[in-house]
Amino acid sequence: MGAADSSPAAPALLCLDNVMRRLLAFFLIAAVSLASAPSKADPVDDAVAALSSGSFDSVHEGVDELVASGSPRAAAIIGALQNGKLYFRPDHTLYIKQDDGTYVGALTGTPIDAGNVKPVRVNNTIRGAMDAALGALRLFSPETAARMTAAEAVFHAADPSALPALTKALEKETDPAVKTRMEQARAAVILASAESAEADRLAAVSVLRVRGDIDARGFLASLSDQPPAVAEAIAGALTAIDRAAQLWSVAQSIYYGLSLGSVLLLAAAGLAITFGVMGVINMAHGEMVMIGAYTTFAVQQFMHAHTPGMYGASLLFAVPLAFMVSGSIGIVIERTLIRWLYGRPLETLLATWGLSLVLQQAVRSIFGANNQDVDTPAWMSGATALGGLTLTWNRMYIILFSAVVLAGLMAALRYTSLGLRMRAVTQNRRMAAAMGIRTPWIDALTFGLGSGIAGMAGVALSQIDNVSPNLGQSYIIDSFMVVVFGGVGNLWGTTLGALTLGIVNKFLEPVAGAVVAKIVVLVLLILFIQRRPRGMFPLKGRAVES
Amino acid sequence: MAITEPTISRRGLARLGAAAATIAAVGAVKTAAAAETSGTIKVGILHSLSGTMAISETTLKDVMLMLIEQQNAKGGLLGKKLEAVVVDPASNWPLFAEKARQLISVDKCAATFGCWTSVSRKSVLPVFEELNSILFYPVQYEGQECSRNVFYTGAAPNQQAIPAVDYLMKENKVKRWVLAGTDYVYPRTTNQILEAYLIAKGVAKDDIMINYTPFGHSDWQNIVASIKKFGSAGKKTAVVSTINGDANVPFYKELGNQGLKATDIPVVAFSVGEEELAGIDTKPLLGHLAAWNYFQSVDTPINKTFIDAWHAYTKKPTRTTNDPMEAHFIGFNMWVKAVEAAGTTDSNAVIDAMLGVSVPNLSGGYSAMMPNHHITKPVLIGEIQADGQFNIVSQTPGLVVAQEWSPYVADTKDLIGDWRAPLHCGAFNVKTGHCTAGKKA
Amino acid sequence: MTEAETLPGDTLLYLDGVTVSFDGFRALNALSLVLEKGEMRAVIGPNGAGKTTMMDVVTGKTRPDSGKVMFGLDTDLTKLDEPAIAALGIGRKFQKPTVFEPHTVWDNILLALAGDRKPRFSLWAKETAEERARIESVLETVRMKDQRHRLGGDLSHGQKQWLEIGMLLAQEPQLLLVDEPVAGMTDAETEQTAELLREINKTRSVVVVEHDMAFVRALDVKVTVLHEGSVLSEGSIDHVSADPRVVEVYLGR
Amino acid sequence: MKLDRTAYLTLGLTIGIPLVLALLNQATPAGSALHVPTYVVALAGKYLCFAMLALAVDLVWGFAGILSLGHAAFFALGGYAMGMYLMRQIGARGVYGNAELPDFMVFLGWHELPWYWQGSQWFPFAVLMALIVPGALAMGFGWLAFRSRVTGVYLSIITQALTYALLLAFFRNDMGFGGNNGMTDFKDILGFNIQADSTRSALLVLSALCLCAQYLVARFVVRSRFGKVLIAVRDTESRTRFLGYRPEAYKLVVWTLSAVMAGIGGALYVPQVGIINPSEFAPGNSIEAVIWVAVGGRGTLSGAILGAVAVNFGKTWFTGVLPDYWLYALGALFIFVTLFLPKGIMGLFAKRPGKPVAILEAAK
């Protein structure tokens, strides 16, 4: 593209009230008589011409004109544009690409051979305009969800000309949730428009005060030159909202802390087994996590290629697979390496460190050094609001996941015969052997279990962090901290340790900043170990002495 | 006495001797090998292939190998074949210096292409100056440097940051700014410059929020939240991100999940390119921006041929290209041209010949090497698309000349770098008329 | 309580109502015991009777939950830690013989010799003739003269036992606590050990914890029977073996 | 103190090889076959500094059973002390031509030196700091840790926490130590151009001498009665307590000494590699140092030196010869050594196969 069309001298302000005027015109027509497509087609042609010009500014105008034209295809066309499905030909004709890859005429909606077309490109400004326009157009959509987003869009646009449409929509609206959204939108519009009465404004302010979220705050704060009484009310609302936010922020920090803690827990849980229970200082633990993450990547690649239908469930397949992959690698490591080093924990540190180097490089050779893209399934992306809290789905699932993993692990150790044997071996190897437990295999399986759990942690981490050969390195230290803090060989300790560290960290961060917070946590940990040389929950009995 | 020292037996002694001998021999052979293959021109490649920076730098090694292969296909240089010498500084800064020394004094490389982080460049800089060799540095950086032995083919702050800010001001009417960066010299300097620039543009001090995070910061929950809060003050807000490499993935994932839409609070990044996006699910990031001097999506014939060659070379049709790769492309071609002009690979001759050399860049124009050892570049602003590519929404009409010394930093506003005769100075103070640093030896 | 005054002046070790419990389980239960200067005492009792715990308490390894532990008439051991107690002149031999395996027998004794234990001393310390003489005599007593150059780790079980006793002697303690000195020894070795202890007892007080009744008999000293953390019976070996309660809980089995 | 063959050999090689390298580098013209390139001199100097770190680690790990996973911290602190001096020597030759402030402070917009930079322009002061700072930190840390009987992996992990915390702290630009870039582009030391071959050769020889001195000191310590107690503590700490020794005191002394030795190594390292920055605190570095010792032969002083030189030579060589695969080689080496050479390379040379130096017990 040349420099000319991008010269950012877009008279955007002009465009804006441009929109308003046209929108107003359109809604008046719409309101007076439920007129179908207007007889005069010029505006539509102008719009099409503008849309197919290939320059952002004119595309922007095109959107406005299209809306103003009141063409019945407007919603469809703008919708297509929003999803990047609107194409044009130099001869100023528009086409909408269907999901099956065929095209339909943008105005006719009938299938057509598009030939050599280019996509109509948009930028943020145009996106904003489209949101507003579509919002207005979709207030009457049959689907509740669509109306909901529409209302929200109108709220964000706060465009006075949308008022009549809003009022009509409100009358027809049945769904309570959507209704409130629309009322909030209406409040915004009232406050934004020049000619609303003071009483309405005051009412509107209180509506938004009730909404009380960050957007409402932003909108209220943005309002200028209101009548004194209203301005006062706004100020009051703002302080009220901020005060509420203050309270919520505590809960929010706790949530952040929990989610960080659960991540730490996942990373450390495996180590609590290999290091805590077996006493193997496993420096390659991080790499087990990393391998888990790469397994997730591989699974997604495979499913993308072969079973795209079930792609959304890819993680559900990845979890057990990651467990098996990392687990079996763990078993191999134990059989070939660790078994020779029992009673020499510090040697295991060296060997496993070497191993971690090898594993990292291996992954680098196989997958390449750069990050791999692990998708977040729809059901895990986005966030939900709980009062003043923003709960991101991926982290909520991770908290849940870590809880499940922990519970499963506990159960496995307590109730399964394997768990029984494991505990037997770790408590008194010779006795266990004497009782006919095949200790070598128990060792192998225990180590495999620990590694497997690390692998599952990898699946979770792939949702919030880099999937790169260095993934493991960034968690290994924290993991050791957690295990030691909690008390080696004690899962509850590990859990409590992880959560404590997470929450402390998250409460310090806003005060001290991310770096200092981490430093403080580390220092606190060092001091804590002075008070409790064996962590929060030390193991009892003579065995510990050595 | 067995406790402290095993006393070494004669046999042990012999073995020890043997070991030493082999090591020595190996060393000798290696230096010999280095000395002998004089039939080629050696090109050093100093990019981390392991450690934290491997993520970004490995690609640059590959692209250099490709460029050298292409040049050899064209018959090499000065009638000799080019030979790439690849070493791995392993993201370890002292090792960078050591390897630089090896490339120059042991392998006798005519020029070296390498480094990514500022610290690695700072670490090798003295070596290149001491041994008077040439380094091509391909990454956008903080400026405030102008060495005779380094050619900066990446962007200086004014070739990336300032145009991006201008764009947001004009296009999105941004009034309130979050400058978020990793706590090291590039973000620090860039933010320092931007802050000065914004205030000069009439932005109120409390409409600017500056936030620094450690390397590889992976938990962005409350930082993103605080950005949202900062953005709820009723003024259009944007984030200028100088967050470094690894930390970006979790940052953008958090952005996406907390629903920070580009239409509400756009984020413009200076360190996020196609390579980084390749590791992120970009659907939630639609419309967030990046400022570079090159995007893979640039629609020019020369870019198409470059990309095709790249895919052919790596045998990966999905492998992305990015800005530092273009920088190496430009730098390498400039070096070739300069060597041809000088008729020798001798550093002094080449350094002089480099000035004014102009070669095509991948965005359809020509980039020239200026007397300050930086190159002219167009500045492109791109919006992230669902496919992980950038939709170019703005491009400077002409080429931008790098300001190696920022006019927005008090101590450097009077400095210029000019390696032409008679000045021959990396930091010439136009007020005092003194050359404060980097005078030619 | 005020027994302290009523005690005979030559009391060396005095435990009074000492109670120790590890989460719930009472290892020592109001244990009281008096040992006189120059006395040798055998302590017997079934497993878990608290024998080792008693030693831990005396040597400062374990702090009692309640009760007094006095050394001499005025020193309260519960306030001190192991090195301090050792410095007072209480030596201990472990159930499992623990010597410094990487060191020669000679060095083992050398390190045990009574003397300045501070780093700043030991850093410059040179072996004096006097020290050599003392080591020689200790080696003499424990019959290890010709083992001096062997590493502790290379010794046989019995030799380790003796070496450890030797180290105890080198410490020149007033009181020796000896935990199962003849465990895993041949009869001959056992006999020699009994002899050795008697010899030691000429100059020092000794508390021997032992299972081996034959050995205890051989020692022929006052016996204290512990059961569930407190004294069950006390007196000559014949007296206690006649005591029905003892027979019931211990010998009977 | 009587020296045996091993000691003579160690001292001889440690001082001899560097001396030869330095001489050849100085005496012979660049062209000649005998000439030793400055590259090799600089490299050798670096190895020797690492050897000092290894020696320090071996002293605490091999003889006191304290596995420090944070020893590089003391090394780095010594390095920073020296770095500050070198930084001040740049004076007005910096980019900003500010005679008083180092460049990075100028660009952070600082106006005067922070208090902790005072005095750093005097060489003796810098040297003193290189000894005191690591020593003091070690003493404080050790006093806390040993007194409260933190042992084994717990100790190892908190040493790691220590160095990690320092890493993060020094990354911060506000700390006033140059942030991630640290300090570099040094000009001269004691008036000598730091880039000059002669200076490098001198530094190399100096490092060799320091290493020898450290070797002798360490050897004296471990062979003294103090050393015997130390080994006793390493293997059966509780026994030494019942003998009336205070293990914590012994550990503290050797721990502090070791930290100081590491600090000296760092101080010599910086002028020779020309940069000091937070990555020196990276826990990985400390672990590598431990590995050098393991490779050379834990509990043998000469082994520590040998291991440091050997591993780093391997690293230099591999990263040059097989850049894409050297990690395999290095990793494999570590695994091999731990599996098949529990006594390290020195084990190969030991006269009598004998018992392992009670390594197994020490592991506890």
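Each chain gets a letter, A, B, C and D, in the order it is written, and its residues are counted from 1.
Operating definition for what follows: a contact is a pair of C-beta atoms (placed from the backbone, for glycine too) under 8 Å apart; a residue touches a chain by one contact, two chains touch by 3 or more.
Everything numeric in this text was worked out from a predicted model, so none of it was measured.
A.B. asks: Quick check: more C-beta contact pairs at B-D or at C-D?
C.D. replies: Spelling it out, more C-beta pairs touch across B-D than across the other pair.
A.B. asks: Find the chain most remote from chain B, comparing centres computed as mean CA coordinates.
C.D. replies: It is C.
A.B. asks: Hey, how far is the Cα centre of chain B from the one of chain D, in Å?
C.D. replies: Between these chains, centre-to-centre, one finds 32 Å.
A.B. asks: How many angstrom between the C-alpha centroids of chain D and chain A?
C.D. replies: Here the centre of chain D sits 45 Å away from the centre of chain A.
A.B. asks: In whole angstrom, how far does the Cα centroid of chain B sit from the Cα centroid of chain C?
C.D. replies: Chain centres of chain B and chain C, defined by C-alpha means, are spaced 72 Å apart.
A.B. asks: Quick check on chain C: which residues sit in contact with 2+ other chains?
C.D. replies: Chain C, residues with two or more chain partners: 102-103, 151.
A.B. asks: Can you tell me which residues of chain B touch two or more of the remaining chains?
C.D. replies: If we look for residues of chain B contacting two or more partner chains, we find 2-3, 49-50, 183, 212, 214.
A.B. asks: Which residues belonging to chain A are in contact with no fewer than two other chains?
C.D. replies: Residues 360-361, 473, 515, 518 of chain A each touch two or more of the other chains.
A.B. asks: Note which residues of chain D are touching chain A in the complex, please.
C.D. replies: Residues of chain D touching chain A: 67, 141, 144-145, 148-151, 153-154, 156-158, 160-162, 164-165, 168-169, 171-172, 238, 283-284, 287, 290-291, 294, 324-325, 327-328, 330-335, 337-339, 342, 359-360, 363-364.
A.B. asks: For the complex, which residues does chain B have touching chain D?
C.D. replies: Listed in rising order, the residues of chain B that touch chain D are 1-9, 12-13, 15-16, 23, 26-27, 30-31, 49-50, 86-90, 92-95, 97-99, 101-102, 105-106, 117-119, 122-123, 125-127, 130, 144-145, 183-185, 188-189, 192, 212, 214-215, 409-412, 427, 429, 434, 436-438.
A.B. asks: Taking the touch rule as given, give the residues of chain D at its contact with chain C in the complex, in rising order.
C.D. replies: It comes out as residues 221, 224-226, 228-229, 231-232, 235-236, 238-246, 249-250, 253, 355, 357-358, 361.
A.B. asks: Hey, which residues of chain A end up touching chain D in the complex?
C.D. replies: 275, 281, 283, 337, 340-341, 343-351, 353-358, 360-362, 365, 473, 477, 480-481, 484, 488, 515-516, 518-519, 522-523, 525-527, 529-531, 533-535, 545-546
A.B. asks: State the interface residues of chain D toward chain B in the complex, per the touch definition above.
C.D. replies: Within the complex, chain D contacts chain B at residues 4-7, 9, 37-40, 42-43, 46, 63, 92-98, 104, 106-109, 168, 171-173, 179-182, 184-186, 195, 219, 222-223, 227-228, 231, 273-275, 277, 279, 297, 299-302, 313, 316-317, 319-321, 323-324, 326-327, 343, 346-352, 354-355, 357.
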